[in-house]
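Submitted below is the structure of interest, expressed as structure tokens.
Should a chain be cited, it is by its letter among A, B, C, D, E, F, G and H, assigned in written order, with residues numbered from 1 in that chain.
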Amino acid sequence: MISIEVNGERRTVEANCSVRDLLQELGINNRYCAVERNLQLVPRELHADCRLKPGDRIEVVTLVGGG
Amino acid sequence: MTTAIANPSADSDIVIGSHVLKSRLIVGTGKYATFEQMQECLEVSGADVITVAVRRERLVDADGRNILDFIDLDRYTILPNTAGCFSADDAVRVARLGREILRGLENPGSDWVKLEVLGDTKTLLPDPVATIDACRQLVDDGFQVLCYTSDDPITARRLKEAGATSVMPAGSPIGSGQGILNPNNIRICMEYLKQDDADYPVIVDAGVGTASDVSFAMELGCDGVLLNTAIASAKNPHLMADAMRQACIAGRQAWLAGRIPRKLYATASSPLDGTIS
Amino acid sequence: MTTAIANPSADSDIVIGSHVLKSRLIVGTGKYATFEQMQECLEVSGADVITVAVRRERLVDADGRNILDFIDLDRYTILPNTAGCFSADDAVRVARLGREILRGLENPGSDWVKLEVLGDTKTLLPDPVATIDACRQLVDDGFQVLCYTSDDPITARRLKEAGATSVMPAGSPIGSGQGILNPNNIRICMEYLKQDDADYPVIVDAGVGTASDVSFAMELGCDGVLLNTAIASAKNPHLMADAMRQACIAGRQAWLAGRIPRKLYATASSPLDGTIS
Amino acid sequence: MISIEVNGERRTVEANCSVRDLLQELGINNRYCAVERNLQLVPRELHADCRLKPGDRIEVVTLVGGG
Amino acid sequence: MTTAIANPSADSDIVIGSHVLKSRLIVGTGKYATFEQMQECLEVSGADVITVAVRRERLVDADGRNILDFIDLDRYTILPNTAGCFSADDAVRVARLGREILRGLENPGSDWVKLEVLGDTKTLLPDPVATIDACRQLVDDGFQVLCYTSDDPITARRLKEAGATSVMPAGSPIGSGQGILNPNNIRICMEYLKQDDADYPVIVDAGVGTASDVSFAMELGCDGVLLNTAIASAKNPHLMADAMRQACIAGRQAWLAGRIPRKLYATASSPLDGTIS
Amino acid sequence: MTTAIANPSADSDIVIGSHVLKSRLIVGTGKYATFEQMQECLEVSGADVITVAVRRERLVDADGRNILDFIDLDRYTILPNTAGCFSADDAVRVARLGREILRGLENPGSDWVKLEVLGDTKTLLPDPVATIDACRQLVDDGFQVLCYTSDDPITARRLKEAGATSVMPAGSPIGSGQGILNPNNIRICMEYLKQDDADYPVIVDAGVGTASDVSFAMELGCDGVLLNTAIASAKNPHLMADAMRQACIAGRQAWLAGRIPRKLYATASSPLDGTIS
Amino acid sequence: MISIEVNGERRTVEANCSVRDLLQELGINNRYCAVERNLQLVPRELHADCRLKPGDRIEVVTLVGGG
Amino acid sequence: MISIEVNGERRTVEANCSVRDLLQELGINNRYCAVERNLQLVPRELHADCRLKPGDRIEVVTLVGGG
């Protein structure tokens, strides 16, 4: 298990876990979200290949009402 | 002819970069009591473009509903904003995240962004320097950038120079409902932005409180109006949405029609000759 | 619901004495380039009531055409005015002459009159004393009297006391295109006229220059707007007629919808929590 | 012949001429006009019976564009 | 020259009927916390004329002091008003009672009156018809009548025709502190009242809230300003009295000096040639 | 007390960095018909500080007279400006040149500058980005910088953060004579600049047209007003100079005195009880 | 004694009492006031001669602060 | 002689001429002006020592009316 930060909250995940794995674990609809890893965008097509490392800072965002 | 005129579709489209739109009213999706209410008001407003914000997904969610379940992605072009950003870098990050989501949704809105870089959490007024900086970065990154800014004419000019696809001066502070406080500045912005470029789109963004504010903005010759709170926070949002829809068309038509000049007083609308004596 | 709201007919009718009307816009028939243009603009404006003046028949006439040949008497209720009168007696005579003509035409407008008693040929501003006097005489003679007056609140109150069916304060001088110069006075007029009588019709008459002026008048809670020059003298009267039609509905709906309050500044329309960091 | 004033202009008409006769002579569409005689309205139904007298001041009015 | 100009006494006097005055500011004596405070504020205001009301003597009085014990009758010309009257007859009675008192005091104010006939106890707005009626009666009775009225231009003209020595339109309702709500009406009043009679005194009475309101009134070309609440109810009446004194002179001088025209924008105040490169 | 109040010197001084001044009016020296007229108007204005521009010496000069021959260097603190500069670098160069001259003259003005970096030769509106940049450079170089800027509140805040000794927002474009077009923005500027720093000097610079504009600016709580064209280009500059002097004091006093609140209508200034019946 | 009304209040005074007597009785400074009797002004110079009658309505007014 | 530029105008001066010499030659009151050489300010106290070189760009400025 490794420790990362997701949207500001500490969290432990499987070593070698991918971004896609993380989203599935979080139960997030992949279609509605975008992911940043250490301030860099992770394009959807790379979610499966992008392996998380200890201390990674992940942001998962979606769209909300705004003006 | 009359019927053609009575039909707003008789008006030319508004062109914002690669986007060609019928409606000159752009509405936000925030502050509604329910997603259903939002959905209905968007429909009544007649808008072709709607703005959304980009936020952290709540990891645990009350009922798991997402705003996107209530937006017809085939009908609306989504304009993602960078609301809540107080630095150029954050705005650039948020713009890219928004683009990534819209690409996944295959919505035409994936190539543009409403740039908002704020200078103060209390007034939510825009930061001129950071907005110009972020605009440059986003233009370099291939975005069509619609810049929310104050009504400062030189800042407006700099934003266009930085490659902004549209400059969107605020009539008054976001959500203040004060309408256009300084028409003189908007007029100078128009002079700058449309010089030798009459079709450059200038959109009044923020401050609108009621229907006459929208008409007034359009009567200044602005190409469109962007609003959110005025509808979402009205006592009856549906009714206000319809008011805004028509006020935008009315103001646009009045501008095109060419209003009568202002005078200190009076010219008779009934003939003065032929009166009995 | 939305579609119902989107349809102005969802709004309550405006009741002026015995007249029940859908449209809250009353338009004049003066100053048009041609009768045909007038005819088309009346149609586009959506008005149910149109005003006309009473004048000496030219004993020898160029082409012998009369405005009545261009007005659908089954569709429009004609509101004859007493324009050009500078004394109560002349106004009473003209009102009776107008009634006589409309009776012959069997138009429902034969029982009412737009009372105008002017105090000055240059500014065409109304004479309070003479207007109150004429109003009394015409009410005694069985007329339903719609009184054109200044925005002076006490004069407005006296006219209602004199039996006026509607009080119609001017936003600014006839044909000046300055819109509503003193909203404060209109507000006080409303307070007086609608006290314990919420449905008493108050109509802004004269001064309107463009669409936002009409919306603004309706947003004050007025029941209707009467205008002529703003359409007839616009560069494109057809287009302005349509603008006015929609501006009247938009302003009315905005009033009914309940606008957001004015604040010095800002409340976010995008949520501030959940921003990335 | 008698002399009267019509809309401010002097005019001579047949003695015993009625308001209706006058309107016909003027070629005015009765339906579109109203008539005053010496400041008093002459209702349409009395046009035939109302005989003009020397010096009568007649006003014949119609509707025109107004605001 | 400069020093002469710096001295307001260099300005022409204001002539109101038979009264020739230095100060163009007329102040009321109501609403002060104490007679002493009133006395000091009158002094600081620099006024030559002060208004007073006529009221029933309290038959039993707390400390038996009377306002007249605090007014220098040799220095001030007293202008008695008819405040509180809601009919022409009452106003005439009160005017005569005031005159009787001032005759006894041998104050020059015994030959004039500030006519106020109100139409409503709540707003204290003036009644045009009753004011014109009372003005005629008082002129016949030998009074020099200064008429408080609304800003309705035709009423203003009728009052002058009725023999008013001065017409005093309200900038806004008494005590509302809103300043001049409709400069357009004041301008038309001026046109009417000063036509072929440039020296006819027009005084803005009521509505003033702060110093700039007074300057603004004078910059419209008005001959004077009458106020009371703005000083008496300020947090610091003494200081406001001094502010009003200077604002009145400043506005008058600005009017006489001839202001620069308004433009959409800019002309350099520093020369543009000779800049370094 | 009253006499003390009547004397403006009773007011606290205005402190701008190391400069302590009596007069809150700062006047320019441009656009006068003659040096003599300028000299007299400066005197009448009562200003302690006067602004000048820095320009290339004409190598061949008509009559060899220099403005400095007409300015009492012992009486006035000179505030050199950087007018005519359109880049931060030029502004810094000009500021240093001005300082060099004032040092030679041993005038206290050698340690400060009115920073003006313009964005457009036509409107002479200030460039926010370049002004902030120049402000930083000049502060680092030891200047006390008074920044001319637009009324954009965030720009005002950034200038203070950059070390500006005073922020001077424009009421409207230079020389436009439109007064303060957006009081709302000035109010927000004040909130920002005076937060936890009540004595920070905020001066309205540019746009003033007449006396009431100056009073109005001071009534917003501004610490001073800077103007030039409104006096120099008035028909009678001497008289306008005196008007401005008094209007500045009047507006300041009105602000300190605490004005009455605005209301829709009326509160009686004469008591309503005791009226006859 | 007769009954009169003074400023809306009922009051009894000596028969044959004059306006001047009334003011003295009321302790009012004659110089600061004016008197109306049945809606008619009573000039100061007539105060001594003006005798009150039963039912007279008297108004005694002075100056107060006003705008 | 060397050629320099003064306030944008070409000019020839003595070789070895100082800023102070230049001002004297131009007849400019030293007290009222400031001098820049190639965009660098030349402090008054250095005017005598600052020798002009061929091609120098000199700015001589003074104060004028401004707002």
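In this section, a residue touches a chain if its C-beta (ideal position, glycine included) is under 8 Å from a C-beta of that chain, and two chains touch if they have at least 3 such contacts.
Because the structure is a prediction, the values reported are computed rather than measured.
If you match contact pairs by residue number, over half of those in E-H turn up again in just one of F-H, A-C or C-D, and that pair is A-C. Contact count check for A-C and C-D (C-beta pairs in contact): higher for C-D.
Chain B has its Cα centroid 33 Å from the Cα centroid of chain A. Per-chain Cα centroids separate chain B from chain F by 36 Å.
In chain G, the residues that reach two or more other chains under the touch definition are 8, 36, 59, 61, 64-67. Residue positions 28, 30-31, 53-56, 81, 83, 93-94, 97, 123, 125, 173-174, 178, 184, 188, 228-229, 264-265, 268-271, 274, 276 of chain F are each in touch with at least two other chains.
You'll find the chains touch as A-B, A-C, B-C, B-D, B-E, B-F, C-D, C-E, C-F, E-F, E-G, E-H, F-G, F-H.
Those residues of chain H that touch chain F in the complex are listed here as 6-9, 26, 28-34, 36, 39, 41, 43-44, 59-67. Interface residues of chain F, counted against chain H in their complex, comprise 28-32, 38, 51-57, 59, 66-68, 78, 80-81, 83, 93-94, 96-98, 100-101, 103-105, 174, 206, 226-229. Within the complex formed with chain B, the residues of chain C that make contact are 1-2, 5-6, 28, 30-31, 40-41, 43-44, 53-56, 58, 81, 83-85, 90, 93-94, 97, 121-125, 173-178, 209-213, 215-216, 219, 228-230, 232-240, 242-247, 249-251, 253-254, 256-276. Of all residues in chain C, only 268-271, 274, 276-277 touch chain A in the complex they form.
The residues of chain H lying in touch with chain E in their complex are 8, 36, 59, 61, 64-67.
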